[in-house]
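Chain IDs A, B, C, D, E, F, G and H follow the sequence of writing; residue 1 opens each chain.
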């Protein structure tokens, strides 16, 4: 049996759900709306659900022509159709350093929800006003996994990393200017964080963080 | 009650085990052997165990004067004393791209073992001979968490990321030369990997990967 | 005899076909449509064929006014007129990691075809779904030269490099975001690849890869 | 009257004390012990005091031959002779993120003391154990100026910047590895900090921070 | 009592004035006009004044709907409402290297004025015509704090740093091209300046410099 | 007597002609058309001539309202009015690697002409067709100063540097893509050129090269 | 049948000769002499020949204990044992820009010879004295493949690329200083070369160039 | 007649004196003492003089065995033998920012003297004590060419560039630390200097500056 389908411009990895627990997710950027519509259509036929990241309004409209129940969220730029059959246990706390980091956080949230996770949103708790963060300490400590989304110097991650007994996933954002270098400084700073137990994904990659968090909860679900 | 003790040059975070499940781990680099000995001594008194990373032979000798049962491994540069009281469930597969990545892998392994984890070593499975990796597919897929340690372009991670239904943690190493930029290229390449569900730690940071993997298994242990 | 013609803003290297086997190729970017039209016109008079890379629609229209048989392909941004007199032996396999890499691949293909080569297109075989690539193993191994076009971390190249007994030319693309650094990460990662027998061209430089592949087949043609 | 003296290899800025309140400070690195000795000797004759930064043991020994009361501190690498005539008001709190940042902190301290300042040392209060820092909140808030010395991601600065009503000067250190880029990441991260009221000096430049802090207290002294 | 208010997308740090002497300042960039209006409105209710940096015309219009006395300055892109109750002592000299640096200088000025400071504008005194700067020597030396705003190589700072007995704060601007690297070169050059007593803020961060200068004068006010 | 005039936003360095032989040249970028018009107007009153670089069409129109004889060249983006009183001896050869480098070359040419120099244009002599360059060897060797304008890898400079007994000034241009890094690669490559006697100016800085060449010929004029 | 053998620290890719025409080549750097000896020994048993790159004297001595006929060349740092059974057709011209590039060139030569190729050494033909290169034009044009090894700005490649009808492989070396950035500038400059038909390998990677050249000649051998 | 001699590892460019006015200069770094001795010996036979830059003591000793009159200067690391037949007119002022820049300045001086130039040394005139520089204004203005050698931010160049009617050549040095980036910051800062008429050579490349200065004076000599 072949694990993929060849459509010329794309080879659909239809075996991925079996291998990883979830269908292939479509990275919209750099594709045409037409290409996205073809791929989504076939994914829905095979898996009954689909997710497109970095999607444009135009892509969403094309998809909705065939699948009106598909939803599009302008902030997270996600097209979602369907959902995981199984609800995953526990809860993911998604923190942001500031208001401008919310779109990236919503990409993480939409991804994890589509994969069956519950979310606790804890926004705008950057460390310049440390009491905002400390006041949420208990909520954060109750989460199974913590996603920290922050721009600028990303200091939020280091403080959170030292507070919890759970895995922390850091998402650097491109929020900032000058020495921020479009998020490269944030990424490197999070990498070199003094807190243990923190791993990092690419700049603005809310999807990657949500996906990894869901993978962890999938392990919990399947291990119990 | 104070969560730390003030020793002048160091403020020991003795409350960390309660907060995070594990005592503070000592980063040896940049400290004197004398400083390390003082810190380790106090950690053992409080927690009954200690771990020092990036330790020198001299540090190990100083520690062993007081604690002869402490062990030192030259490859991983870890000083270990004692171990977690609780065995964590599941298994961590630790992969390396090549032979030269093994010291970093051993740092991850020593850390995770000290925290109560079981390990499966799968070394030298870089993608230039893809059969070596594919032959291990089942072993890798049986792990609860996968740690991939690789230098050069780090392609191992992208292939593994697409094979498993478990979280993958990537450790870039500084193995390589020229365009490798002492591991910076590896780090950035892993960040921009086409595989979902992969998070990354700092260059040569085996400790960070082992720690995060143990945190995931601690979640499994406490969720079940 | 002079090997070039002086047109003021340009000195046409009309001796290049004799030296290298092919006429000078025009790099459209940064030139005006007027300049391109003048150059192409003179190249066709001398050599009976011409190729413009990074061409705009406007340039194509100007060229077609005088040479209606000239073709323009929007994806590859090539203007082609005529073709090599001689068909070169063998076949070039052109692989892409994903759908978004196709425009760069088409630049390589258009260039090599214009120089007399046969092409086998093998698109969307990135390593995150390794079966897609392995299923093409025989087709790839039958090629005389392999061109691998990939963005992000470019891992495709390392896997392919270890599979074949033929030269592999890697083209990093600027597909990606954040840590991808507009393709610089891909370029450096391909450079530091663990696979032997791989050489690399500039980011998005499909032309350069197609040209080198044709040079290799020209050698085969002239050596036999 | 000339504001400097010409000694060939050096033009001593003997007018600097009148202009800025303090004699020229000697940057030892890159000078010979002989050159340092000549300069220090002349500075002491003119101003009655001298300070050398980045000094070697050899330089210190040469200076002590003529001025046995000169002191040398191996940690801060400062040679000090004499002191400011006037005691400056207030107190400078000098914080470090970790133990390894102490040598840089001591350079700041030695400089500021030589210029007439009082110091409060608050070491090893990095944010991974945030209670260590919060427990010092009152001591920090009582300072007139705060100097924060930290390596890795430098998050300490952002937390402190939001706690105080006084100027904060950040000193990035080269403590860290890999993505730390010898302190460049720390420097850029501190620059892009989300806390207002923070300014930054060069990597490991304890001297610069101590000097600026003393300039601020000199303003207080002369404004009252 | 809680030091902040939770508005979902933002957690207002209403305790900041008590901690630092000044209300939270709003960083407009990356926020919607709606979000800015909500935040400003609440800040005015609590503190009687507000400041928004990097504000757009649209934000200003939204704010003025409710608070017509608010002012917007297109050059500095500041929205200001109200002012510090207390006038701070002394004067801040704000220098620019050239005409193009003035917008950044005006951000520093508007910030410091809003915090209660007096300003002396000394514009276009770059060192290529050193007499322009030297002619202002006395005015500069009379200031309590000096802010130097410069692009290109930022040499102005090094000259000024050696002239005064007061703290100097450097603001690199993104004025320049090519090797200027959007201000990164200026930032690094100011960092490595040969003048003592100079600290640096982020590229184009007039706000940060104005804020730090006001913090220094607040110290003077409260110390006397 | 004052060497400059204070116009608030600008301090005109009217003493510069006396010091350097030429009036201050106006860098248009980042200034408003109004500011440019005011400055040019005053320069013409004092010196009888003016030059604006990086000028926009709008600036040119504003200047021409008052000085209709002023000229504007769209390629070089120079506004010129008047000319040096004295003709300088010798000739400057201005070479370009390709057609796309011509606008930068014309900035060098317009600057040098305005300062009294004679020019020999030798365009499109990049080394990929080395005969084009070698055919001009005698013309190049007859020049008093050589300006080499090139993008991409800038190899032209190294070849020319080894051919002549005259100073060579290299201008890297931002022509290229990918690994060219907007001209940074060209700049660094020219810096590390294997040819002696070559100095370099900023990316696309035709003005700087033309100015330096004229300074050299001014020396010749005044030394004879 | 298994294509590799598992020796714990290494998984020998013994199927590589069948796949690619040549046995796995050992990258010595980062391995112990003991590890190299074990690997070489097994490679010789399987394939009758072996090649180690970046080998130390100590490694060579260990290998020679068992295989006294193995040779070690200090300049190229290659250990060679045996040779390809088949002689490949044609000739590879290996050029260097300068004398200091010769060790890297010798790594390319030793590799290609071991794989069955004939070499023509053309050293020290950097473009600063262009006649040195042009005098070799015919010899270069007679080669089947050209390898150009150069440091500094690597201009040699661009000139050669335009002279020949054969593939050109560029090897940047780390010869240079300052702006050369340990060869990164050379690498990027070669990438952005104005000559078509040039591909590039990693800095100082003579092995990679030699290997690719042999792959091309292997194609010629097998196509005829 | 051949313009070069082939010695295998080196092709001596014996025609260079005729082309450029001066024999080839030997770059010692990366060559063996043996190689340098052979080259120098042949250069002296042909031209009666020789210059080696970046020479080691060992190289100097080898050269002196055959040519005892050769001199070696440890500071500049130059081996000199003989001198230009013709004395060049005018004088070169060589400035340094600090004492640590002197070795690079001496390389420039030794080179220019060997080529027939007169030098005026003006050391330690960095702008942090601007009076030191201004006091030398007349001496600097009397020079035919000015070479400015400076590390750190290189501000000296911008001030000097605005003072003189002569060409200024800037040499960035690697003096500094941290944000100085081994001189890269200095190089970029000098490139983006606000002063016109300044060109730049590679980091620590005193030779290049001295050579270019001599080329300018050679033009003066031959033009009069």
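As a working rule, contacts are C-beta pairs under 8 Å (C-beta built on N, C-alpha and C of every residue); 3 or more make two chains touch, one makes a residue touch a chain.
Chain identities (UniProt): A, B, C, D, E, F, G, H = Nickel pincer cofactor biosynthesis protein LarB.
This structure is a prediction, so every number in the text was calculated from the model and none was measured.
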item	value
Which of D-H and F-H has more C-beta pairs touching across its chains	F-H
Repeat of the B-G interface, chosen from E-H, F-H or E-F (over half of contact pairs identical by residue number)	E-F
Interchain centroid distance [CA atoms averaged], chain A/chain E, Å	36
Gap in Å, rounded to a whole number, between the CA centres of chain H and chain B	51
Mean-CA-position distance for chain G and chain A (Å)	44
Multi-chain contact sites of chain F, meaning residues that touch two or more partners	13, 16, 98, 128-129, 162-163, 177-181, 187, 191-192, 196, 202-203
In the complex with chain G, residue positions of chain H that touch it	2-4, 8-11, 13, 15-16, 24, 27, 29-31, 35, 172, 174, 182-184, 187, 202-205
In the complex, chain E residues that touch chain F	98-100, 102, 123-125, 128-129, 131-132, 135, 175, 177-181
Complex contact set, residues of chain G against chain C	13, 16, 19-21, 25, 89-90, 144-145, 162-167, 169, 187, 191-192, 196-203, 207-209, 211-212, 215-216, 218-220, 222-224
Touching residues (chain side chain H, partner chain E) in the complex	97-98, 126-130, 134, 152-155, 157-159, 161-163, 176-181, 185-196
